[in-house]
Structure formats: structure tokens, C-alpha cells
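As written, the chains take the letters A, B, C, D, E, F, G, H, I and J, and residue 1 is the first residue of each chain.
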Amino acid sequence: MSTKPSKTLETFPNPEPKRDYTIRMRIPEFTCLCPKTGQPDFATMHLEYIPDKTCVELKSLKLYMWSFREEGAFHEAVTNKILEDLAKATKPRFMRLTAEWYVRGGIYTTVVAEHAAKGFKPKPKIELP
Amino acid sequence: MSTKPSKTLETFPNPEPKRDYTIRMRIPEFTCLCPKTGQPDFATMHLEYIPDKTCVELKSLKLYMWSFREEGAFHEAVTNKILEDLAKATKPRFMRLTAEWYVRGGIYTTVVAEHAAKGFKPKPKIELP
Amino acid sequence: MSTKPSKTLETFPNPEPKRDYTIRMRIPEFTCLCPKTGQPDFATMHLEYIPDKTCVELKSLKLYMWSFREEGAFHEAVTNKILEDLAKATKPRFMRLTAEWYVRGGIYTTVVAEHAAKGFKPKPKIELP
Amino acid sequence: MSTKPSKTLETFPNPEPKRDYTIRMRIPEFTCLCPKTGQPDFATMHLEYIPDKTCVELKSLKLYMWSFREEGAFHEAVTNKILEDLAKATKPRFMRLTAEWYVRGGIYTTVVAEHAAKGFKPKPKIELP
Amino acid sequence: MSTKPSKTLETFPNPEPKRDYTIRMRIPEFTCLCPKTGQPDFATMHLEYIPDKTCVELKSLKLYMWSFREEGAFHEAVTNKILEDLAKATKPRFMRLTAEWYVRGGIYTTVVAEHAAKGFKPKPKIELP
Amino acid sequence: MSTKPSKTLETFPNPEPKRDYTIRMRIPEFTCLCPKTGQPDFATMHLEYIPDKTCVELKSLKLYMWSFREEGAFHEAVTNKILEDLAKATKPRFMRLTAEWYVRGGIYTTVVAEHAAKGFKPKPKIELP
Amino acid sequence: MSTKPSKTLETFPNPEPKRDYTIRMRIPEFTCLCPKTGQPDFATMHLEYIPDKTCVELKSLKLYMWSFREEGAFHEAVTNKILEDLAKATKPRFMRLTAEWYVRGGIYTTVVAEHAAKGFKPKPKIELP
Amino acid sequence: MSTKPSKTLETFPNPEPKRDYTIRMRIPEFTCLCPKTGQPDFATMHLEYIPDKTCVELKSLKLYMWSFREEGAFHEAVTNKILEDLAKATKPRFMRLTAEWYVRGGIYTTVVAEHAAKGFKPKPKIELP
Amino acid sequence: MSTKPSKTLETFPNPEPKRDYTIRMRIPEFTCLCPKTGQPDFATMHLEYIPDKTCVELKSLKLYMWSFREEGAFHEAVTNKILEDLAKATKPRFMRLTAEWYVRGGIYTTVVAEHAAKGFKPKPKIELP
Amino acid sequence: MSTKPSKTLETFPNPEPKRDYTIRMRIPEFTCLCPKTGQPDFATMHLEYIPDKTCVELKSLKLYMWSFREEGAFHEAVTNKILEDLAKATKPRFMRLTAEWYVRGGIYTTVVAEHAAKGFKPKPKIELP
């Protein structure tokens, strides 16, 4: 795997496909450009998903996030786009992406998008007391 | 768009209307006047919504919040009024506004109001363990 | 309105009676007397309610809380009593009072009481992801 | 009431038996002995319950907790035992005891046990937005 | 019991098998090796379970965690493996393991896996107000 | 000692008069009346001192603080007055009183006053790295 | 005293002029206008001072802060100006004003200015261990 | 070394006597008895010292702290006593003991005592920016 | 002023040159490239200075920080370089730059560099109690 | 540079030797073995230093810390040893190492050691208000 920004998301086989379990990844190093002003935007990305057959490979995820560095991107659109790329690459049972953008104009924006596989039926979370 | 306070809320097309997703905006710079005493009141506004066809434009939201600077406004009434203005401008699937007012008379008041589109059926939040 | 402790809770008309919305009030300045020892007790009161036709007026709420300053009051009983007074004065759709008492005998006590109007059917809270 | 450790839990009549309400008591001063090594163990106890006909008296609760000071007690067993003693003394509609034990062997253990009266049907918590 | 790393998980009889109750153990001292680079990985493990006939013995749990010190282990696989070992040893009614891994490549990963006994029907958590 | 508010501050002999050492007491339960409006004021008092021949007795300190409950008192004046009473009663080598008053008019006020015995020469605090 | 914004800072006689002591006031409700764009700016003001003959009156301080609501003011200049006004009105032995401005352009600015009376010799703070 | 409470503090040779360095030990598990009421008292002990020829052995420190479990002890006296025992056993260049006692009568007390070897000259702490 | 990254730091005249006062700026949006791997690095910059004749203009500071986006830069070197550029542009009496870099290789690095004008004599900070 | 544990600490030339500046490195992934029991010990290491001619290279620092994984080491001795190795390799003007060890026997130990070059004269830290 090269060490360049890349839109290719590599995966590896889910080591425990028979079980629904959760993978969470917090990625505090995301930056792209504002399409209106060309100025840099920054965000912390929070990914959580239930893998099906594959998991996203950590280093390739880093290079993928890097690939937005020179691209113009609106907050709402790019959050949905990244979710779609990640869902397409890993075909998870369920996936959620939370993009926590740095303040602009005195306003702090967060965008949260989800993807569910066809027929995915969420089980209620078991809350122990 | 001018840089003056304005009641006009501008919008842009939702880039992902086929998906229910969440937009959150924290706005710590709200001030209006107390209708009884004429003295300034302050609040932090928290907006969260599921957009339908349009999203609220960030700069116009800032100018809209500014427009209350010279107006008298009761805590409960103005929270509901702002929610209505925002709901009318963006016609969201669901919207919630939380106004966290600064302390008055030793008492800390928060008002939370919600709007749902006709026929909106909330999906239960998927809580991953 | 006088500036003396008073059991009278004044109200004003709910500006948005057609909508269920929440009002929260945190009141850190409550004190009464322990009926056993006569010594002062202290608490922070947390009120939250869905108003129906009326809302409790902030200054009168402050004078009402003041009215317990010279009264003996057990933790459990007075929390229920205040809830009842507030519910009687405002006839809310739903109301909850949380009394967080200061430590006594090394033990930190909190009492939480609720009142619901006849026929009140709570809607499930919409949790956005 | 004497000021000695005591297994007797005194109670007083619930001042508001017609309403389900919550009493929480945080007790940071619990210590007993490890049955294996004889060394002291420490915990913070968190009690929460819906009283029925009686409430536990605060000072007697303190003396009861004191009564474990010289006793050997395993984490899991003693948490269940204290819950049972408290439930037997107060016959609550519902009761939960959380014992947060201090670290042992680099591991932080917490044990949570619950008791419900026969026929107790928990109402869903009303979550205001 | 020797003081060496060991895959053997010892148990003791659940002192209160007739009741569903929760045991939580936070274990901040886990380390293994990265199978790709051979470099050390670190995690904090959070175990929570409802015991059935047996509970896991604390010291043996510590030695078991130690046993991964010289082993190569992928984040996702080893979290599932440890859960399985613990479930096999204690046959709990329900068990959840959360592995909070230290940052790698600027990304913070957490893996959460659960095991339920056959026929286990989770009771909804009773949330007191 | 009676259980009534009292201006009498009782003391006990300093058990270690040959050493300069520090006693700190945080007292979150102070209330008096505003001399202008008659309304209750609240504060958290922080006392720290180097005792000389006597230390202030805890229960008598509590009754002393209680004695302000029915008195009118300006923030600045009463903080200095309490310091003086405490210094007069205990004749410390050094004493500081910090009164953290609850918010009034949207402004949070704190007053800090100090007393030093004649000839008291403060030693620089030894700061270990 | 009227309830209008006012540049007049009222004072009252220092009740303890023979002692150097500290008064701190946190004022979270400051707003003015940006001279370049005309848009509102917000800040939290922190005032701390050693009074000499007079103290600033709380309500008049609030009206004074209000008086900047319609004025254009640069961060650095207005912080120094407010300090000067306060120092002129109260002639303190020492005074410090910290203005913590809300974020602009992704940058969080704080300005801190001090005034000392002629001949003021600061005593080193006595740090108890 | 036995596993019983013991007043004997064991030491080991300081491995680096030529250098002034700091050892800090936080001990959250201290309990003794109140000499007036016989009831248990609790504290967290914070020890920090510059060793000279010897360091205090961790397990023996634990047994020493345990030895107060059945003893009556006033806050101020016992803090000074423990400091003296520790100083006598280890003869440090400098030592400080901070005893943070649990709340009594609504008042939170902390006692801090220090010991310096004869001729000890504290070096100013080097504060890097 | 253009909206492009720029090495030019613009300034404005210090409005209060006769007084030593502090300006602090927190800049959480800094990114450059690692000279070894070409991968993005991120940091939060903290600037604090005592201006002399000029202050750094906020927007130009933002464009200056942006100018490192495409440049390779070692942590230690670039922190010193930015300090020098800022000192050269504003000729402050004193300036400090703290660069808090995001984690690399499991290690969190911070670099702090200072510049003082010739003949600058720091006054000791006045610490009010 | 290999990717194996190594006692060799590599350095690179200080890019700014004419200035005293600070480098801080937080290293949460340290583990060694207890010489008495053979069981793993864990610590977070905090390094801060003023470099002279060389700085420690980050990756080699990581491999160095790894080199203790299989070694027995007492808390006090190994903290001093690591400081010495680092000081020998980099010959800093000043260096401090803080080792924050995980809890053992209910006691949380931290060890702090410092090294100064011959003739190093610390400058007082400039504290801006």
C-alpha cells in the first residue's frame, strides 16, 4: 500500500462474521476545502459500524481521509459521500458516520448519517443496570 | 446576501434527500431584550433537525439570530417562535430547538420545543453497544 | 408583586398551548430546617414540565422557594409537597421535581417525584442519532 | 437510637405512598474485610428505590453500613446480601444497589443488584426532550 | 494458583444464581503484539456480564489478560476471542466485552462484542426518574 | 454545646503548635439576607489557616455560619467580618477566607480576605516537581 | 438608579479599606459590535481588583457593560478602555480585566490588561501547601 | 512481611541518593474512628517526599495505614502523627502529607503537614514554559 | 486582503502601547506535511504576547497559518520558525508560541518557544489570593 | 532503523540551539515487569526537556521504551535509569521525567526525576497575566 492520499478503501475479512459486533473509529484529523471560499475546513470523524463480511483496513482509511485535503466539500454533502464510500467498500450490516465540524461564523455544526443493509433489523441494545 | 440582521432564512437544496440524517447546530451568540425590564437576555441555542428538501444556510441563520438583538422576547414565546420560523423556512421532517437561557433571579431556565412534519414517523435510534 | 416569601405561585398564560414542549428550571438556592434538629438543610431543586394552559412565573417561583426558609421539612415529604403545590398552581400536562439534598451523615440523598395530568399519554422521546 | 454499628434497619412511614417516586442515596463510606486475606476492602454504595409503605431512616442506614466493618465479605455476595436486608426492612416497590469497589489487582469491579416487589410493573421513564 | 500468565480462567460459584444481576470489571492493563509489525499494542478492557452458575475469579482473570503479552493479535479478532474464552469459562446469561485500543495511525479504535446464553431474554432496564 | 445558631466560636488546643501546617475547610452551606432587598443570599465559604495555639472546633463553626441566616449582610463587608471573627477566636498565624457568592444580576462575585499575625513571615511554598 | 445602559459607574465606600483584599466578578453577558463588519461580538469579562476607598456597585456595573451593546469596539482597544473606566471610577490599588472573546475566523482571542495605583507594591501571594 | 495491620514502616535503600527527586503516593483507603463518637472516619492520604537514604516500602505503607482502623484519631492530630511516623522511618530530605477527610457536619476538611530535614534548603521548582 | 494562504503577516497599531498587556490566541486549525513521509500533521497553536507598537491582524494570522498546508515541516523546527515570523512581523515585547501536535507513534509531542525583545525585563505576575 | 525494541536512543541536531525552548512528550504505553513477582507493571511517562545540541528522535524513543517490556524494574530505580539514558543520549540543558505508575496495593505512585547540565541556570518562567 502506497503512502499517498487515495480514494481506494481496502478491507480485510471480518474475523467473526457470525456475530453482530461493533467497531468504532474516532478520526480527529480530517480537513478539506470550503467550496465557496477555498479556505480549509476541519472536522473530527466518528465512524461506528457492524461489519458483515469485511472490515475497513485502518491505514487505508487514513489515506482515504487524506484524499479530501485538496477537495472542495460542503459539510452535509461530504458527510453523506464518505458514508456511502465506506458502506460501498465494506457492505456493513449497519454503519453511522458523525462529522463534527469546527466552528464557522460562530456556529458549531455536526452532521450524522447512517446506512443499513437491506433487511437489517436492529436488535435493541441490552442495557445492564 | 447582506451583512445586516434579517428575518429572512435562506436555504439550499438538501444534498441527500433520500436519506434521513441529522444536522446539529450550536449557536452560543443569541441575545434579545426582556420585555418587562428592557434589559438584555442571553441564550445558547441548540438546533437539531432531519432535513427534507432544504437545509438552512449557515450565514443566513446567523443574521436571523442577530435580528432578535433589539426585540423584546419572553423565554417561552421566543423559543417557540424561532422554531416555527425555522420550520417554515426549511420544512424539515423533524426539528428540535433547545434554548438555554442565562440565569435570572438565581434560576437557570431552558426551553425545548419540537416540530414534526405531517405524517413523520420517528424511527427508533439504533444504539450500538 | 411583593418581595417577601410567599406560598402564592403566580402564573402566566402558556404562549404555545397547542404544542407539547419542555420548560426546565434549575434552582440552586433552596433551604429549609430539619424538623428533628432545627438545623438548616440545603438543596438544589430541578423542575421540568410540559405546560398546559399556564406557566409558572419566575419571580413568584423564587419567592415560593424562599417561603420554606423558616419551615421544618423532611426531605421526602417536602419534595412531594412542592411538586403538588407547583402542579396545583400550573396544572401541567406533566411535571417532575428533583431535589438534590446536601450531604447529611456522610450520605447524599436525592428525591424525585412526578405528576401527570389525567389522561396524559407520554410520547416517546425522539432521539436523533 | 444508639451510636453503634447495627444490623437493624429502622424505617419511617412513606409520606407519599400513593405516588411512585424515587429516593437515591449515595454512601461513599463503606468498608469490610476480604475473606481471603483479611485485608480491608472499600466501596461506594449507591442505593435507589421506589418506597412502598416505608422509607429507610438515614442514621440507621449509616449504622447498618458500619456493621460490615469487621466482617469478611466477598464483593458479589455482600452486594446481594445488603440489597436483601434493605429490601426486607423497607419492602420497596423496586430497589437497586450498586456497589462500586476500589481497585484490586489492577481491576475495578462494580456489582449491581435489583429487587422488585411481587407484581411490580415498571413504568417506562418519561424522557422530556 | 501460580503467578504466571495463564489461559486458564478459574471461576467460583455464583453466590446469588436465582437473581439476574450485573458484574462490571474495568481492566486498564492489557497489552499484546501487532501481528503485522510485532510492536506492542495496548488496550483498556471493559467486561460486564450477568453470571449464571459461576463468576470469573479476579486473580485468574488478571493472569489470563497477561497471557496475551507475547502474542500477536488483531484488534477485532482478539476482542472476539477473549469474549469467547470468558463466555466458555463462565457460561454467563449475558456478557459484553469492550476493548478500547490506544491510538494507531491517528485513529482511536474500540471493539465491542457480546454473547448471550441460548434462550436469554433481556429484560428492559428499569430507569428510575 | 447547644444546637442553635451562635456567634460563639469554640476552639481546641492545636495538637501540633511547633509546626506550621495548613487546615482547610470548605463550607457550602452559608446563607444570609441582602440588606437592600431582604432576599436570601447564598455562598460557599472556603477557610484556610495556619493555626497557632488553637484550632476552630468544627461543630461550633457550623453554628457560627448558621448565625448569619437572619442577618442582612453585604458581600464585601460580611466576608471581612467573618474573617475577623475567626481570627479573633483562633488567633492563627495566617488565615484566608474566600466567599464564593451565588450569581446576582448575571454577575458571579467572589471576595477573598486574609489575616496575618503580627510578625508572621510567610515561608515560600515548597513546590516539588 | 435607572434601568438603562449607562456609562456612569457608581461606587460605594470600601467597608474594609485598611486591608488589601480581592474582589472578583465574572460577567458572562458582554456584547458589542465589530467596527469592521457591524456584526455582534460577544465576550465573558473577568474583573479582579484590590479596592482602595471605593468598590464598584454591582447593578451599575451591569448597566455599564450593557452600554457597549450598540457600540463598535475592537477587542484590544475596548478591553483597555473598560479597564480604564473601571480604574477611574474606583481608583483601586490594583485591577485586572480579562476579556475572553468568542471565536472569530476559527481563532479564540483573550485580552488581559492591568492597572496599578501609583506606588502600589504587590505583596507576594501566600501559598499554603 | 505478615499481612496484618502494623505500625512498623519498612524501607528499602534509595536507589538514587545522589539526586533530589520526588515520590508521590495517593492512598484512597484510610479509615480510623472519631474519638468523640466512636464512628468511622475516612480520608484520602496524599504523600509526597524527596527521599534521602531510604524509601518507604509500598506494602508496609499499606499495612501501616490499616493500623489506624481501630484507633480513635482527631483529624489534625493524626495527620501530624502519620507524617512524623513516616519521617522517622524514612528520614527524608523533605516530606508532605495531605489528608483529605470526608465531609462531617456539612464541612469538608483537609489537613496538610510538612517535615524538612535539618539544613534542607528547597530548590525553586524549575517551571518550563 | 486576498483569501489565499500567505506568508505575509499584517499588523495594526497597538491601541494601548503605554501599557504592558497580554493577547492570547488559540488556533486549533493548523496542518502541514511530515517531511519524512509526506503525510499530513496537525496541531493546535497557542500564541500569547505582550504587543509593543503593533498587534497581529486576526485574518492575516489565519492566512499565514494556512500557508503551511502544503509544506513539509518538522515539529521542533516549524514551531521555532512560526515564532520567528510572528516576532519579526510584530516586534513584541514578549511572545510565546505553544504547538500542541497530534499523537504520532503513540507519543503526544508539544513544543514551546519564546521570544523577548532586547532589554525586556519581565515583571513578576501579580497573583491575587 | 529496525522495528525492534532497542536501548539505542537516536538523536537529530537541534534546529534552534541558540534558543532555550521546551519539548514535551507524553508516552502512555510503557510496561515492564515487577522484579518481586514477575508480573507486568504499567506507567505513563511524561518527558520534558530543553534541548542543547540534539533532540531525541521520536521513533527511537518508542523502541527504547519498548525495550523495558521484558525487564524487571523497580518504580524508583527505573525512572531514574530512563532519565539518565535520555540525558546521556541527548545531553540536554535540562530534562525532567515523570513516571505515573498504575495502582498497586490500592496505592497510586508517581516518581519525578530531573537532570540539569553543568552550569545550567534556570530562568524564571515568564507568567503572563
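Operating definition for what follows: contacts are C-beta pairs under 8 Å (C-beta built on N, C-alpha and C of every residue); 3 or more make two chains touch, one makes a residue touch a chain.
The model shown is predicted, which means the values in this text are computed figures rather than measured ones.
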Starting at subunit E, fewest touch steps before arriving at subunit G: 2
Greatest separation from subunit I - chain, by CA centre: D
Interface residue identity across copies subunit F, subunit G - same or different by half: different
Over-half contact-pair match to F-H, picked out of the listed pairs F-G, F-I or H-I: F-G
Between subunit C and subunit D, centroid-to-centroid distance (C-alpha), Å: 27
Distance between chain centroids, defined by C-alpha means - subunit D, subunit I (Å): 55
Chain centre separation (subunit B, subunit G; CA means) in Å: 32
For subunit I, residues that touch 2 or more chains besides their own: 22, 24, 28-29, 96, 102, 104, 106, 112, 114, 124, 126, 128-129
All touching chain pairs, where touch follows the definition stated at the start: A-B, A-C, A-D, A-E, A-G, A-I, B-C, B-D, B-E, B-F, B-G, C-D, C-E, C-F, C-H, D-E, D-H, D-J, E-I, E-J, F-G, F-H, F-I, F-J, G-H, G-I, G-J, H-I, H-J, I-J
List of subunit G residues in touch with subunit I within their complex: 22, 24, 48, 50, 74, 76-77, 79-80, 94, 96, 104-114, 116, 122, 124-126
Of all residues in subunit D, those that touch subunit H in their complex: 3-4, 28-29, 31, 37-40, 42, 66, 69, 102
Complex contacts: residues of subunit J adjacent to subunit D: 102-104, 106
Contact footprint of subunit B on subunit D as seen in their complex: 128-129
Subunit G to subunit F touching residues, read off their complex: 14-16, 19-29, 51, 55, 58-59, 61-62, 124, 126-129
